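Below are two complexes that have chain A in common, paired first with chain B and then with chain C.
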Partner chain A sequence: MKGALIPVLLLVAWEAGSRAGVLPMDSFSRPSDIAVAFARGIGDGTILLATWQTFEAALSGFACAAIAGILCGAILGLSPRIERVVGPSIDALRPIPSVALIPLALLLFGFGLTMEASVVAFACFWPIVLMTTAAVRGIEPRLPDVARSLELSFISQMKKIILPAALGRITVGLRLALAISLVVAVTVEIVLNPRGLGYSMIGAQQALRSDIMYAELLWLGVVGWLLNYVLRKIL
Partner chain B sequence: MSFGQRAVLSDVSFEVAAGEFLCVVGPSGCGKTTLLRLLAGLLPLSAGEIRVDGQPVRGPSRERAIVFQDYSKALLPWLTVAGNVALSLEACQIAEPMRTTRVEELLGKMGLQNAARQYPSQLSGGMQQRVQIARALAQEPKLLLMDEPFGALDAITRQGLQDEVTRLAAEERTTVVFITHDLEEAIYLGDQVIVLAANPGRIAEKIAVEIPRPRSQLETREDRRFLAYRHRLFGLLQR
Partner chain C sequence: MSRVGAALFALGLILLWQLAADSKIISPIFFPSPGRTLGELYAQVTSGRLWQPLGATTLRMLYGWVLASFLGIVLGAAIGSSRAARDYLEPTLEFLRPLPASAIIPVAILFLGLSNGMSTAVIAFGSLWPVLLGTVHGFKSVQPELIELSASLRLSRWEVLRKIALPTALPDILAGARISLAIALILAVVTEMQASLPGLGQNILLAQRSYRSPELYAGIVVLGLMGFAANQLLLLMETRMLRWRAAAV
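Take a look at the complex of A and B:
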């Protein structure tokens, strides 16, 4: 409860400031106007639709990255020989800022979900593959001995021993990637993809509707927090 | 056996009869664990040959179960005691409901029936080592390989487990190769004791222990023959 003190005071000061004409209306909408804009956006479904579009892209990109990243990471972690061959290429590709791939993704896929998800997947892939490689390499060396002496097949070694043993650190990679996925999805929408919350926000800004822009910004904070919360619960 | 240029074991040649309890004792760094890993098939041989029932060893096999010294690292921490034992049965393609029955039976045998739902980290060292032994026995191995299994346990727990392992090995007619650095343990448990010398690891002495079974912690260890073996082998470990 004490943590709410500062936000509440700020809101009150903000409302009072803009009513007194101290704050410029075009960049600082009144909190009351923002609340109205938010209620309207929820009521007519625009915010919910945009949220769904953003999440659809963020989560599908994240899911592709998770599958590919865990698979590649497990292989790289298990085989130092493959790692020596592939490692330098990874180090070369990894520093490319994912948003720099937006023009390429647009050329390949055109506007829409696929293009956005592909950029998200590129961004999410690296933390997952790096964490999985390190996690698999770092598991207790006794465990592969146990797996081998039980003559488990490669698949069941992975499923029953290697991946569960590495799960803790893989989860860290997944959490990092999930946070990145939302950032990148919104970025792609703000830059050019005509869908989702990012596009809606940039539209509101250009139409000088800062009340809508603020409403969506705060909403994005809430859903981002929720996403992290849910992930913390399930992983 | 050598790692690169360094010879770890050289000219180590011995036979173990079916159902025999062989103890290998030697100073640290003499290649005891390497020898065991070779027998398990976890390490490839650089020279020579290992045969089990006439078949050369080419890799790990479920017929050869291993009990590692570091029990806390060899158990799967995310599985319960029952889960750890069940994994071994699963690997042997034993399906439910048979698997559950076997797990209960094995846990009962190792005195773990009350710990079935606990996780390894909740158990004492001795109990964890019991879980590892139960997991190894679940494989119904022809050959049980034990790498200093009681080295990290307190004296009382160790003596209890020594007697249980000998009893179980006799019941199941399992052949055991038991690595230890404890000379008395080797004589107490073994039908045959091999003493290794270091640099490179080689056989310093091979003796047959002719003390009748069942042996007892008190009387056997005070037995004239026991002391004679101890005297004879003690000198070898000092050199």
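Take a look at the complex of A and C:
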């Protein structure tokens, strides 16, 4: 109850301020106009289409990163020797800010889904690798021995013993990466990729339609919050 | 032994890159060899062309980060040590936190234009959360016995804050500040690319537009080194500032 007080007060002050002419309309818009713009955007499908485009890129990048990351993480976690050899190279590549790859991805793939998803995949890969490595290393040390003495193949070792035992902490990494995927996708769209919610917001700003811009910003907040909420419930 | 292995593996990766570039499966316009990339980097260092954009991006990152750290620690201390502040503010912050920081770029441009102020505001907003959450968590985890002790010692509110709460919260604050700095670098690059502000971010985008790929790759290498150096510096700071803690345990 108390938590709702500040947002409600802000909204009322915002509406009153813009109606009284204290807040300039072209930059502040006003909550009632924003609600109308939001309803219109949902009604004609533009917001939903943009949301789908953003999620398409975020999820496809995330999926690639999840597959590659869990695989690499499992190998690194199982063999400390490989980890010692490969680890420093990973530590050298990991601090590269994912957004620095935007121009490179554009150079290689051109505008569109692929370049956006590839930047997302790069950003999501690291937390998944690190968490999977730690998770696999942390499982009961006798389990891999059991797997070996049962003479299971590498794949069935993975499927039957290693992954189920490490699943809890791997999902933590996946959840983290999924949150990152949405952020990076929107960022790529804001910087230059002409699709999705990020691009739509920049377009609205440049067209001086601040009502649409705020509507999409709030929508993005709701979507991000919902994503976090759902992830916390199911994972 | 493993060090040699690690160095060999890294060299092998670079060699693989060189071979892939030499084979010209991907056109050298898009995929320069490591030799050309490092040559470009060397030329930038010796001619001094590197320092200006490097300095601009570093300053941009630091301005936003310092502002975010200051706001995060003050706000976090208030929220972490007061039940009432938590009740009123936490839900709003919970809503704002998952919002992609880059999503407020359009809003910031609307109010501040394509300016350095816009960039600082976006960086500060985006890198606020790790420090803020770390501080809140740190202040919440002060042992109740210490609070009781300070009451019986009749310490003032300020003394409690400075002598008990802040040292307890320091590890969490510093861990948050380290994540914040990484985010600040990312947002510095993003705002430079979006708003054409001088710095490494703008440079690599311009290099891409004119197909100067060695320059683009060199820029990415420099940004990676910056991220690495920033993280190491703060780790060093952490171990120095928390030395008393290791001694106590």
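In this section, the second predicted complex is superposed on the first by the 233 of 235 C-alpha atoms of A that agree within 3 Å, B and C clash if a C-alpha of one lies under 4 Å from a C-alpha of the other, contacts with A are read in each partner's own complex, and residues count from 1 in each chain.
Here is the rule we go by: contacts are C-beta pairs under 8 Å (C-beta built on N, C-alpha and C of every residue); 3 or more make two chains touch, one makes a residue touch a chain.
Just so we're clear, the structure is a prediction, and the values are computed from it rather than from any experiment.
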{"item": "Partner chain in contact with A:G221 - chain B first, chain C second, else both or neither", "value": "second"}
{"item": "First, second, both or neither for A:V183, with chain B first and chain C second", "value": "second"}
{"item": "Touched partner set for A:L104, first chain B, second chain C, both or neither", "value": "second"}
{"item": "Which superposed partner A:V129 touches (first chain B, second chain C, both, neither)", "value": "neither"}
{"item": "Which of chain B and chain C A:L143 touches, first, second, both or neither", "value": "first"}
{"item": "Which superposed partner A:L152 touches (first chain B, second chain C, both, neither)", "value": "first"}
{"item": "Chain B versus chain C as contact partner of A:M213, first or second or both or neither", "value": "second"}
{"item": "Partner, of chain C and chain B, that touches more residues belonging to chain A", "value": "C"}
{"item": "Contacts of A:A165 with chain B and chain C, given as first, second, both or neither", "value": "first"}
{"item": "On chain A, the residue positions that both chain B and chain C contact, one per complex", "value": "none"}
{"item": "Complex contacts: residues of chain C adjacent to chain A", "value": "2, 5-10, 13, 26, 30-31, 87-92, 94-96, 98-107, 109-111, 182, 185-186, 189-190, 193-194, 201, 204-205, 207-208, 211, 213, 216-217, 219-220, 223-228, 230-231"}
{"item": "Touching residues (chain side chain B, partner chain A) in the complex", "value": "40-42, 59-62, 64-66, 68, 70, 73-74, 76, 78, 87-88, 90-91, 139"}
{"item": "In the complex, chain A residues that touch chain B", "value": "140, 142-143, 145-146, 148-152, 156, 160-161, 164-165, 167"}
{"item": "Complex contacts: residues of chain A adjacent to chain C", "value": "2-7, 27, 81, 84-89, 92-93, 95-104, 106-108, 179, 182-183, 186-187, 190-192, 197-198, 201-202, 204-205, 210, 213-214, 217, 220-221, 224-225, 227-228"}
